[in-house]
Amino acid sequence: MDWELFLSPYKQAVDELKIKLRGYREQYEMSNQHSPIEFVTARVKPVASILDKARRKNIALNELHTSMQDLAGIRVMCQFVDDIPTVIELIRNRQDMRLVEERDYIAETKESGYRSYHMVVEYPVQTIVGERKILVEIQIRTLAMNFWATIEHSLNYKYEGRLPTEVRDRLQRASEAAFLLDEEMSKIKGEIQEAQKHFALKKIEDHDLKRTKR
Amino acid sequence: MDWELFLSPYKQAVDELKIKLRGYREQYEMSNQHSPIEFVTARVKPVASILDKARRKNIALNELHTSMQDLAGIRVMCQFVDDIPTVIELIRNRQDMRLVEERDYIAETKESGYRSYHMVVEYPVQTIVGERKILVEIQIRTLAMNFWATIEHSLNYKYEGRLPTEVRDRLQRASEAAFLLDEEMSKIKGEIQEAQKHFALKKIEDHDLKRTKR
Amino acid sequence: MDWELFLSPYKQAVDELKIKLRGYREQYEMSNQHSPIEFVTARVKPVASILDKARRKNIALNELHTSMQDLAGIRVMCQFVDDIPTVIELIRNRQDMRLVEERDYIAETKESGYRSYHMVVEYPVQTIVGERKILVEIQIRTLAMNFWATIEHSLNYKYEGRLPTEVRDRLQRASEAAFLLDEEMSKIKGEIQEAQKHFALKKIEDHDLKRTKR
Amino acid sequence: MDWELFLSPYKQAVDELKIKLRGYREQYEMSNQHSPIEFVTARVKPVASILDKARRKNIALNELHTSMQDLAGIRVMCQFVDDIPTVIELIRNRQDMRLVEERDYIAETKESGYRSYHMVVEYPVQTIVGERKILVEIQIRTLAMNFWATIEHSLNYKYEGRLPTEVRDRLQRASEAAFLLDEEMSKIKGEIQEAQKHFALKKIEDHDLKRTKR
């Protein structure tokens, strides 16, 4: 199997969607509104992970295209918990993709403590041999949820999914700290939004803005 | 005053330093070690902010070059508090810049709650009219410190430095939540480092990695 | 008139199309075929040029959206003259835009000596206030045509469209040299294509390839 | 041999030098002068090519560091033949590298017809284990020389260095056409330079400029 060739439209899809979703941020800034999107990352699932997951979930390689929904992945990070519904609405309203599925792991936190909002969309890519429809998983989360998820992911890899009680407890406390930070941020949000309007108007230095524009 | 021309070597300096410091991250990953650097941002101070600060601090425009140390700014974000000394050491050991000053706002938190480690370096830029030595401020902080600092900066702009008591209190609680997250992360660090080695070895999907490579 | 806001969907359109057309190149390389696309550039027309052209062509500012077709511009550069029809076909076949107009300044060279193939397409952009349909001009040309066009454009600016006879003659000879280079390249094309397949297979160093991937 | 690790400082070197040399262009534009640099590309030699060349030139793998001067390669493209001496001077004057060798294949065209100016420099890279001095080859050439060189390189690969007479002749004619284009450009240069100053002042649309800034 020529993986580079197989994954090529997936790479094209995430490259396009990264530009498309990042564009929102500039539009909000330009109209002096708080942007619900802090930054956007994208990846195509590495071949090792694909093989691993296919084995674990018993997916035949010739069914990957329809049965593995996260070959192409986009992650949208938000400052505040209540930016998330705004991002969901933006995506639902797009005319250039079709919504396939939504999973709300914020309302229903996973047993592990994982929180994120997942959307699966079908996105058409124009290739040199015509249009190809690609499944893309979009994960929407706060910075704090993202921080925690990265760590949980690492630890699960280390322990191959069987976390010792002590690690599980530590992870739990970090999750609570992340949750608390989200809560405090929500309370302070009104103040910040007002401030950011001024901020934008004054065109003051902003490292973070630069980061997402590259 | 032709600001674009005046700031041009500063822009060149931050562009070069961004590439230089980001390079560390790849080197750590390549040797399967935890990278003390999560991501790096850079900016040249906007003209409006320069004028504002010059007025406030009574700096003449023809002395900006020597008296305003943060015209060129680099920010290095770390996952863990104890990554910070590692980054400081990396910068102290560089042969392509001269250390001018260090300020430790982590050991001595600012009254406002601000925490970060600041280094000012003198960095030579080769221009079309010869070498120019440029002051650059490098701020080193954790993700949580950075999150808080961004918010505090916005609020200070809104209230022009005179925060109402209520806002100050909310900001304080957010700062504590950020601090707590840093603490929990420190405790979990050993586990994560081990995990990240495996992580790196297995070349598993990593959005965050991709983000800093662009 | 808030130009930054007005031009914002045009900027988004060219950012998206740049990624989309560049993607073709990688697809051709991946399948070891000669890429008809060498590189792709994009720009939004600068405000000074818009005002200039609006005055010259008597276009009202509230009609820019429909009457100025090159506010958003994409340029596709090809190695060989006969790569151009291949690119035209790729664009005609896309499902994510609507072809509005084509102008063939290669079959019918402009009096000035200008050669290029122009396509105007209507491209939908998803903004924070819903879908917007944007006109985009796509210019397709060889490297030699592009080299000449850049120079002619500069000279026209200098002389405000009224070139002295001597300059016009020099420009003519440069145009002939560019045309001759295109001719020689066409003759050598078969050889090169064969060679490039080997080239790709051997995954040999290729600066030019890297250039377009950024 | 861990090639990724071995080549890592070379990759860092070319990343830094690309930013450094591209910076010149913006500086010239900012001061409304013709830029002698049109664009800059960079590459680390692919492993297959390294092995190939090591075998051909009888270089031991543990001597690559000192005996293969083009592991790290930078290419600077110029519009005009007489931009080349200006670029050479800029590089000779830099304080952040040491000139090791120069080879002038423009004054002394290679038998094959290859024209380019080569400089080999020793460039210090700061790594996580301290400073490393790296050899970098910088090739300086016009757009027309570059076009021809790309083709010659491809054809040599196809025929493994043994070009049939017919191919050699075609290549020769293409080389003459490229040379002629350079000649015509040289004659028109004065006009163009004047025009480009106006061009820059009016801040008129410039695709090519955007290309190198990414």
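A, B, C and D label the chains in the order they appear, each numbered from 1.
Criterion: contacts are C-beta pairs under 8 Å (C-beta built on N, C-alpha and C of every residue); 3 or more make two chains touch, one makes a residue touch a chain.
Here is each chain with its UniProt name: A, B, C, D = GTP diphosphokinase.
Bear in mind the structure is a predicted one, so any value in this text is a computation, not a measurement.
Q: For the two copies subunit B and subunit A, is the contact made of the same residues on each side, with over half of the numbers shared, or of different residues?
A: Same; most numbers are used by both subunit A and subunit B.
Q: Among the chains, which has its CA centre at the largest distance from subunit C's?
A: Most distant chain from subunit C: B.
Q: How many angstrom lie between the centres of subunit A and subunit B, each centre taken as the mean Cα position?
A: That gives a centre separation of 25 Å.
Q: Subunit A to subunit D: how many Å between their CA centres?
A: 40
Q: Any chance you could list the residues of subunit D touching two or more other chains?
A: Expected reply: no residues.
Q: If each protein chain is taken as a node and each touching pair as an edge, is the resulting graph a line, ring, star, complete or other?
A: It is a ring, because the chains touch in a row that closes back on itself.
Q: Which residues of subunit C touch subunit D once you look at their complex with the stated criterion?
A: On the subunit C side, the touching residues are 39, 41-43, 45-46, 48-49, 73, 75, 143-144, 147, 150-151, 153-155, 157-159, 167, 170-171, 173-174, 176-178, 180-181, 183-185, 187-188, 191-192, 194-196, 198-199, 202-208, 210-211, 214.
Q: Taking the touch rule as given, give the residues of subunit A at its contact with subunit C in the complex, in rising order.
A: Checking each residue of subunit A against subunit C gives 4-5, 8, 11-12, 15-16, 19-20, 23-24, 26-28, 30-31, 90, 93-96, 124, 126-128, 130-131.
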